[in-house]
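Across the two complexes that follow, chain A remains constant while its partner is chain B and subsequently chain C.
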Partner chain A sequence: MSNLDIFGAILGFALTLMVFSYLIGDNPLFRVAIHIFIGVTAGFVCIIVINNVLLPRMIVPLISGSMEERLLAIIPMLLGWLLLTKISPRLATFGNIPVAFLVGVAAAVAIGGAVLGTLFPQINATIAIFDLTTSRGFDTNKGLQLVNGIIILVGTVTTLAYFHFGTGPQQANPTGLQSLLRGFNQVGQVFIAITFGFLFAGVYSAAMVALVERLSFIVDFLKSVLLPLLSS
Partner chain B sequence: MAEINCPLCGKANPDDFEVCQYCQARLKPLLAPDSAEENSLPQDETGVEEPTSPAAAEIPEWLQELRQDEDSLELEPERSSDELAADISEATGDAGSIPTGTPDWIYEVEQETQRDFDHIEPPPPSPAEPGPEPAALPDWLESIRLGLHGTPGLASSQATEPVESTGPLAGLRGVLAADALISRSRGPATRPAKLRVSANQLVHIDLLRELVESEGKSQPLPQKPSISSEHILRWGIALAVCLAVVWSIIFPGQPAALPAFQEETAELNRLIEQLPDGGQVLVAFDYEPGEFAELDAAASAVIDHLMIQGAYLTLVSTTPLGPVLAERFIEELQPVHHYTAGVQYVNLGYIPGGTASLVMLTGNMPRALPYTIEGLAAWGSESQPVLPPLQGIQNVGDYDLVMVLVDDPDVARAWVEQVEPFISSSSPQGSLGMVISAQLEPIIRPYYDANPRQVHGFVAGLRGGASYARLNGREELVRSYWDSFGVGLFMAVLLMLVAGLMYSTYPLLTRPSKSDSEVKG
Partner chain C sequence: MKFPFSVAVAIGIGLITLAGYFLNIPVLQTLRMALIEWATTLAAVALLVGIANLFTIHWNKLTSGKVGGLYSAILIVSLVLTLGVVGWFGPTHTYSKWIFNNVQLPVEGSLLALLAVILVVAGVRLLRLRSSMLSIIFIITAMVILLATGPLFGISVPGLTELRSWIAQVPAMAGARGLLLGIGLGIVAAGLRVLIGSDRPYRG
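Here is the complex of A and B:
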């Protein structure tokens, strides 16, 4: 193990304990650790952006690229400079051009992808479950496939019904439609609660793996430090 | 001693007190009415009393002369309206002459108009239409009218009223003497210098002052106990979980069984098994360093399988820290598989532009990602051929498999929405596989369950990774985490059960028994 590895291990051990100190409550050690992480991340991202984006994609083509590459590199450079005018309130209007470009492109990509990549395929999938001529891996039994399809359909409809926000006079004797919607709401709440429970279990599972990894690291570090001391 | 009652509170006070000893109200007015002074007040012709100025003796002579002249004008004998009319006619010349200030032509027009009207005679009264007869008044009303208009005293009083001599009302009799009332200023009324404040008002004043003063002062926060029950509960849970995990790390017991067959994991395993020799795989490391423990544990068996298959790997990332995580991941597997950068794998680094940049992968990849993370021309140059992992690759559809390691639901969905349709349409054997955090499973599973599949196989969390490792017989890759993970989950479930039990039984234990309530009743 090199000196750099030992230094890294000591640093990691110290920072891990500093983060664990949050168990006591918010304290300076925890805040120092958090600030170190944020600072290191920001610095690292800055280096990555310079080395991986600005230099190879803009500076190098401008200096040693062909005429076409230079012209293509001028456009992002110009937009980048315009974006910097957002710093000054007087010149901030010029920065609207690149912002509009970014927002427009991002919105177009996201909406197009959501409609064609999620909405239509998922609607189609919900309908296709009732097509008993197709068989799926886990429910080759037609009856189970039908039950599965019904559960998914009920869950989808009732969950959407739960997000129906309406207002009106509270009637002592609600109409049939209101009673139906109320019933759908309650069933939808059950499905939402199950989903949230599933999500929470996933979050807990991810956090538990992180805890196991850190505790393993601490145990390994102490073993590597304490055992040589005890043996000597 | 004589006493005087307070005008405000009504309580008796000694008569030599200035203010009430109970409510501080003034007992004697500051300016007591002086009878002699009151009698000496001069009266003007309107009968309004004029207060004598205490500084009259100090008036300069020139002002006194002016006042005497003014008084002499006011005391001039009244003149009749006839006399005033004569004065006016004198001032304007003869009666037939042109009035002063009127232009000649206007005067002539007026005279002609007057002559025209003089020729017109009033029509004689029609005998057929007699005018209204005067109503006969009752005697009592007639006597009242006579009393009003026929009283000799009234006529004489009108005659004695002064005639206005100046201003627009000159010549009119009985005009109110506004000049005497308005123009003569009177000094401000003397008010008592001390406020009359009652005891109740004093209390209110003090209360208001305290409120205003307290607004500017910072209120000290309520002192929290340094160690509360919440702290103890938190420490207890943390200690229980940490001790259990550490115990399982230090003293590993019987290894726990790895999870059984999972369909989505087996599907991904099948896709990798079917890769051709020298198959090309795009691997995206789209997770943050905070999630590396879970993602590394879940993906180690999958990447290990890819390396066993001898696949060429192209590493990319849409997060700035992803390329470093990718290098670190490959380094950890390096001792077993000896993958070399630029030969078996190439790290193309960070794709700028976030999820929107994924569209670039479906276009021209050499233009979108021209360099490796070391700064080499990845797609070849005059002095260097195309790197082996990138031979024949122009876009993401040319890869045999796209594998995404992701912890963010938005990024995962972006890969499915932007890249998968292109993969499916461009190559029938192309597939999208995922290694995801356990918390993403509810989001990704519908894409896997869809027909046709949008995600062709995935591994979710450590459990999925362990299942995959079991399929390949590479259990040692996840064994170090799996046992401790199981102990931690067991402890969490135990704590939940204990807490639920306590929560449900505590109200029953604290509820007063029936006999106690009867005794109290």
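Here is the complex of A and C:
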């Protein structure tokens, strides 16, 4: 083990303990670790963005690209220069144009992605469960597949209904539609509770894996680095 | 009604990009790809502006002698050191990997590990403060999934694995699908508000 490796292990050990110190409450050691983390992450992100995006897509085409590539690279460069005016309060208005460009493209990509990547596939998947000629459901048994399909359909519709905010204020004598929506909301809440419970278990499992890994790192560090250092 | 140039840019560029998704016209699809490419490059510049802003804020905090100046100094030193080492040697060099493995990875792993404790505390608080039927369903579902994933003391309850599969593939999937559809519809609504100029988050 080289000196750099030993120093790295000591640094990792110290940072792990500093983060774990949050268990006794917010404290200066935890804040130091977090500020180091933010600085290092920002530095890494900055270099990776320059190396992987700006150099190959803007700088290299401008220096050594064909005339067409240069023309295509000039537009994001001009927009980029305009974006830099956001740093100055006097010139910040010019920065609205590239931000508007970004927002326009992002809104269109979000709509396209939501419609083609979420809405259509999810609706198709809900319909496909009722296609009893294929056995893509929970069980190949047709009857059970149909029951499960109905539960999924009811769960999907009632969960969506829970996010319907158009019922207005609660009345003493609700209309038939309002009572129906209220019933849908209550069933939807049960499905949401089950889904969040499932997601909670998944996140908790991932966090437990990380906890076990960190604890085993601490034990390994104490055995292999700290004890030999103290005994020598 | 005041209609600035930036609004025209957002609506025009947005509609051209959106048309490229849904209309099978080669020119529009090529335009969509070019616009997304430019937006990616621009987003990278925006990220650099953000990091420059982070640096400026902490530099001002450090030089003005405000409370927390020491933390700002630590952030600036770690940012400049990382920029220097990773920028000079490259992200895949041994020194860059050393920073990643011994600073970033331990803090990230420890923060995730901290989440395990915080989630347990949050679960117990939920049961103590709001012990409704829904919170009980939430906790029971989580317990069933966890016990079926990793049996406690090696004891496996018969039928628990099948119950876990059923929960994952039927009620949890139904709820997740409803949530996804709700999120999708919300995104479409928010995006359309931008594209008709009703929301203008770029004016500042």
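FYI, the second predicted complex is superposed on the first by the 209 of 232 C-alpha atoms of A that agree within 3 Å, B and C clash if a C-alpha of one lies under 4 Å from a C-alpha of the other, contacts with A are read in each partner's own complex, and residues count from 1 in each chain.
As a working rule, a residue touches a chain if its C-beta (ideal position, glycine included) is under 8 Å from a C-beta of that chain, and two chains touch if they have at least 3 such contacts.
Given the structure is predicted, the values throughout are model-derived calculations rather than measurements.
K.L.:
Give one of first, second, both or neither to describe whether A:A114 is in contact with chain B, with chain C, with both, or with none.
P.N.:
both
K.L.:
Counting only touches as set out at the top, which of chain B and chain C does A:G25 meet: first, second, both, neither?
P.N.:
So A:G25 only meets chain B here.
K.L.:
Taking the superposition as given, does A:L91 touch the first partner, chain B, the second, chain C, both, or neither?
P.N.:
The answer is neither, since A:L91 touches no partner chain.
K.L.:
Tell me which partner A:I150 touches in the superposition: chain B (first), chain C (second), both or neither.
P.N.:
Touch status of A:I150: no partner.
K.L.:
For A:F198, is the partner it touches chain B (first), chain C (second), both, or none of the two (neither)?
P.N.:
Both partners, chain B and chain C.
K.L.:
With both complexes overlaid on chain A, does A:L211 touch chain B (first), chain C (second), both or neither?
P.N.:
Both chain B and chain C are touched by A:L211.
K.L.:
In the superposed arrangement, does A:M58 touch chain B (first), chain C (second), both or neither?
P.N.:
In the superposition, A:M58 touches chain C alone.
K.L.:
Return first, second, both or neither, reflecting whether A:L78 touches chain B, chain C, both chains, or no partner chain.
P.N.:
Neither partner.
K.L.:
Using the touch criterion from the header, give the chain among chain B and chain C with more contacted residues in chain A.
P.N.:
Answer, by number of touched residues of chain A: C.
K.L.:
May I ask you to decide whether A:V219 touches chain B, chain C, both, or neither, giving the answer as first, second, both or neither?
P.N.:
A:V219 sits against chain B, while chain C stays out of touch.
K.L.:
Can you give me the overlap between the chain B contact set and the chain C contact set on chain A?
P.N.:
Chain A residues touching both partners: 23, 41, 44-45, 48-49, 51, 53, 57, 105-106, 109-110, 113-114, 116, 118, 122, 125, 138, 195, 198-199, 201-206, 208, 210-211, 213-215.
K.L.:
Spell out the residues on chain A that touch chain B in their complex, using ranges where they run on.
P.N.:
Chain A reaches chain B through residues 23, 25, 41, 44-45, 48-49, 51-53, 56-57, 105-106, 109-110, 113-114, 116-118, 121-122, 124-125, 128-129, 134, 136-138, 195, 198-199, 201-206, 208-216, 219.
K.L.:
Quick one: in the complex, what on chain B touches chain A?
P.N.:
My answer: residues 231, 234-235, 238, 241-242, 245-246, 249-250, 263, 267, 290-291, 293-294, 297, 320-321, 323-324, 349-350, 352, 354-356, 359, 370-371, 373, 375, 407, 413-414, 416-418, 420-421, 437-442, 446-447, 449-451, 454, 460-463, 480-481, 484-485, 488-489, 492.
K.L.:
Can you name the residues of chain C that touch chain A in the complex?
P.N.:
4-7, 9-18, 21-22, 34-49, 51-54, 56, 71-72, 74-83, 86-87, 90-91, 96, 98-117, 119-120, 123, 134-135, 137-143, 145-146, 149-150, 165-185, 187-188, 190-192, 194-195, 201-204
K.L.:
Quick check: in the complex, which residue numbers of chain A touch chain C?
P.N.:
Residues 4, 8-9, 11-13, 15-16, 19-20, 22-23, 31-51, 53-54, 57-58, 72, 75-76, 79-80, 83-84, 86-87, 92, 96-116, 118-119, 122-123, 125-126, 138, 148, 151-160, 162-163, 188-208, 210-211, 213-215, 217.
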